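Note that the chains take the letters A, B, C, D, E, F, G, H, I and J in the order they are written out, and that residue 1 is the start of every chain.
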């Protein structure tokens, strides 16, 4: 199972406006229907809760391990996207957070799923 | 005839904001005038009706079979685009849905057709 | 002379929101000053007048012949762009129409001309 | 069945060295195993038999119709490539001929098949 | 010195909305500090004053000669950009005008300068 | 362990010159040192043993399953490349075979490994 | 330590609207955790305080030396971005300033950090 | 008719090895069958006859006018290519000359025609 | 000083033909004349000495540390390239080795340096 | 006049095989016929005479100044190319030297000129 206990954070270093984006270029999980692997790119963009409000940012190495915990998981595109959104929103409680997953094509169709938490300003929608 | 009975769905998994995009890169139908094949890319983007409102999302394999049902159909660009918009809007009753078809060039002119169902937010117009 | 009698139309097939774009990738006319040929790409984007309002859409083959009627015409970039805007607006009476011409460079300067008819929504400006 | 009776030719116009390449960018056939459509690009490169030796070159429109005759054929990648090589070699009896088919990916694997007829000079191998 | 006397114009041909963009891809001047040549691309975008208001548009060949008059001028990036903005705004009195200069890198830093005259609509900012 | 029992073949369909290339774009294995996943592209190019010599070609679906059997294997770049070369050469006994693996970067270094079996003609080296 | 004493400025040359962007393509610092070098691109975009308000713009060579002062500094992505934002905002007191850092990938994840000072107009957000 | 009287030359300036390539990016002629315009790129590459052997090179402006003389000519791809090869070989008597024409697609097929005069070294084949 | 004591190796795993390429995308050293940093890409391609001849291959992590040892070294492009060639040839005694360094531009000139050790087959020259 | 007195050299640092390439991306001279500036990219590739034979390599900064000395020179494409070849061959007496000039288009035709000194190995021809 995707393992949220792997996530670690550090205190937001400032109260000034600040947007962080991590692009996980080598995401893989397993299709629960066919058992074949799925490959995609996961983009996470968020404005951390301000330092003065006790905000935290996800630490990069821990994010990588969390992402790797999906490797042998049988899980659909939509569920991956929602899980990441929910897990990171719960962990960081950011001002807003947007997740985008771009999946490699299967049978001539490729898919993009976007999920959001909080009020994502239009200019920052992924 | 394009066959809507091929479409299958699954329940929207969440009430959180959520956008799905499927890019059908290998669409082909037949020009009703010349009998020559047309080739294009069909992009479908929608926000599913929320889970709590009984929303459903189109299942990917069934979408592929529905798209293949156009293969030997004599049908114009605009009619393809409107048919897909109408069929998917009727099937899913989404919050909004946008369809874009990008057609390979013929005689030095290539075309793009965009159709919408519901109020598509500007930032999500295809 | 550019020949508007070549233009043919078909009835707009729907009242739903609908945007059509034709990209004429092989446009050529002649510079009236130097007599040398000009080459460019002409992009036409419009929302047809709705079916219930008696709207029509330009037919693709007739558009191609109309575009070819500029081939040996001595005419400036701006005049080409305005002529296409005016001719198509008069022929289709669309909800709005935008024309963009991208000209190949001459002497290290390339030009883009954009003309509009009606209220083009910002998101659809070419 | 692929229909060689559609092929038409014209006499090679010269005895000077001469290489012709046609790139068929919108080829489609059907996988005999799954029934799903396959999409690819077919490149044909050849040196026609010289004019003085009674050489002929395939006519472009007839080549297009011949290629379209594969549209609903259940046939493997290798068989498509060999059939085109054999049909065109038999029809034109060229000095040499090379065929390359580039297939869109399926399940994360894409394939390229190359077949030759006669002694293709290294510099002209596709 | 940049020579505005080289600029020539022609009467705006219409009162309809109209945007002109000239991209000067081979601009060069000289760094006043080091004496080394600077190279860049200059993009000029404007809406001419309407025909009925006596508007004029800069003529392309004269624009080229004006741009060449910077060739051996010792002048900074910002001054080039402002000079072009001021000279063209004074010459054409356009509805609005935007200038963008993209400079080739020096020492691993490349720069873009944007200057505006009048109220440039957001969608047309360069 | 990489599982060669997954490989299936079909008889080479011809004695004419023939080159097959399969590009496996979504290969993944595990670094035996760090336990982190490796991602790469595996290209296999070969000339099958001729039909009259009892040649066989690897079947595409079986190749995919064989490639997936590396997914959770702790194995180095060089060993992956040699294993694929050795397994496919033993299975098909082709006229020649070349394998190329392109690995995604780690710490700013990316690697390409090429291995060959038999006399690969220079023009066909991967 | 990043050395703000290296920064030099020149007086804003105009009161007209004016945006400056410097793209530092060869930024490098050191990861404080692993001691390995980090590489990225730093983009700085700002509207200088107007000439009549005593505005100054950072001089390009001094900016380069300031950027080089990070070369052997052990410092995180976020801290680099905030430091540059704070140092340049303090030095120039611009109308607004936006900083974007694009970091080369590590372990399959690459990051983008954006920080702002003042009210950055949506159209100019980096 | 293509007009060879437009061609002008200048004396080869040296006896040292020397290769010239002109890429005519905006070639157009007319299909003799359909009357529709054809568009393509013509590449001419040659080693001029040495200065001491009385060699000449085609002058660039005259080459442009010669190319424009095809504009309203009804002529096939192969005939264009052979005509250019023959006309330039007769005019310059070069050590060798190669002509390549790349034609924009028609009905999903695009073509490349290559013709040579004299012994073109493999490394210089177009 | 570049530190060859950092280099570690592993035994060549096979006697079959085998080519290894490492592309170090984030190389940096310092210009001994100006003190400014240089940035480049270093490509190393070699055929290891065969297993049966006691061949060794450079280990990837050790190669990275060796490359980082140039970070604050004042050294010219040519010397970097020769040093890497000489150090790796001495360390691995490969069948052949080729080094290519691609340097980012300075003052509008960028450079590529290639050095070789042993008889590099033409097809494998970098 | 192009000024060869600007060229400076340094002693070839080794007797091992060694190829140097400098790509001058911002070359400009003046067309002697029209007076308009020409822009191009000059690529110089050479194998220096060996250290033990007293070889020298052109110094980069001096090469830049030499290239800038063409800035206001009225000179044709071919003459630029031959001048650079002759000047550098005379200055360095390299094992071989190749010069390639790529000129920006004029009137839809762009040109490439290649000149050589000594026996350039096929694999190193520019």
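Assume a contact is a pair of C-beta atoms (placed from the backbone, for glycine too) under 8 Å apart; a residue touches a chain by one contact, two chains touch by 3 or more.
What you are looking at is a predicted structure, and each value in this text was computed from that prediction instead of being measured.
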{"item": "Joint neighbours of chain I and chain H, given as chain labels", "value": "J"}
{"item": "Pair in G-I, F-I or F-G that repeats E-J, with over half of contact pairs matching by residue number", "value": "G-I"}
{"item": "Whole-Å gap separating chain B and chain C, where each centre is the average of the chain's CA atoms", "value": "27"}
{"item": "Chain C and chain F: spacing of chain centres that average the CA atoms, whole Å", "value": "51"}
{"item": "Intercentroid distance (Cα basis), chain G paired with chain B, Å", "value": "44"}
{"item": "Residue numbers of chain B (touch at least two other chains)", "value": "25-26, 36-37, 39, 104-108, 122"}
{"item": "Chain-to-chain touches, reported pairwise for every pair that qualifies", "value": "A-B, A-D, A-F, A-G, B-C, B-D, B-H, C-E, C-H, C-J, D-F, D-H, E-G, E-I, E-J, F-G, F-I, G-I, H-J, I-J"}
{"item": "List of chain G residues in touch with chain I within their complex", "value": "25-26, 28, 36-37, 39, 68, 71-72, 104"}
{"item": "Chain I residues within the chain F interface of the complex", "value": "13-14, 16-26, 57, 60-61, 63-64, 67, 122-123"}
{"item": "For the chain I and chain E complex, residues of the former touching the latter", "value": "36-37, 39, 104-108"}
{"item": "Partner chain J, residues of chain I touching it in the complex", "value": "78-79, 81-82, 85-86, 105-117, 122, 125"}
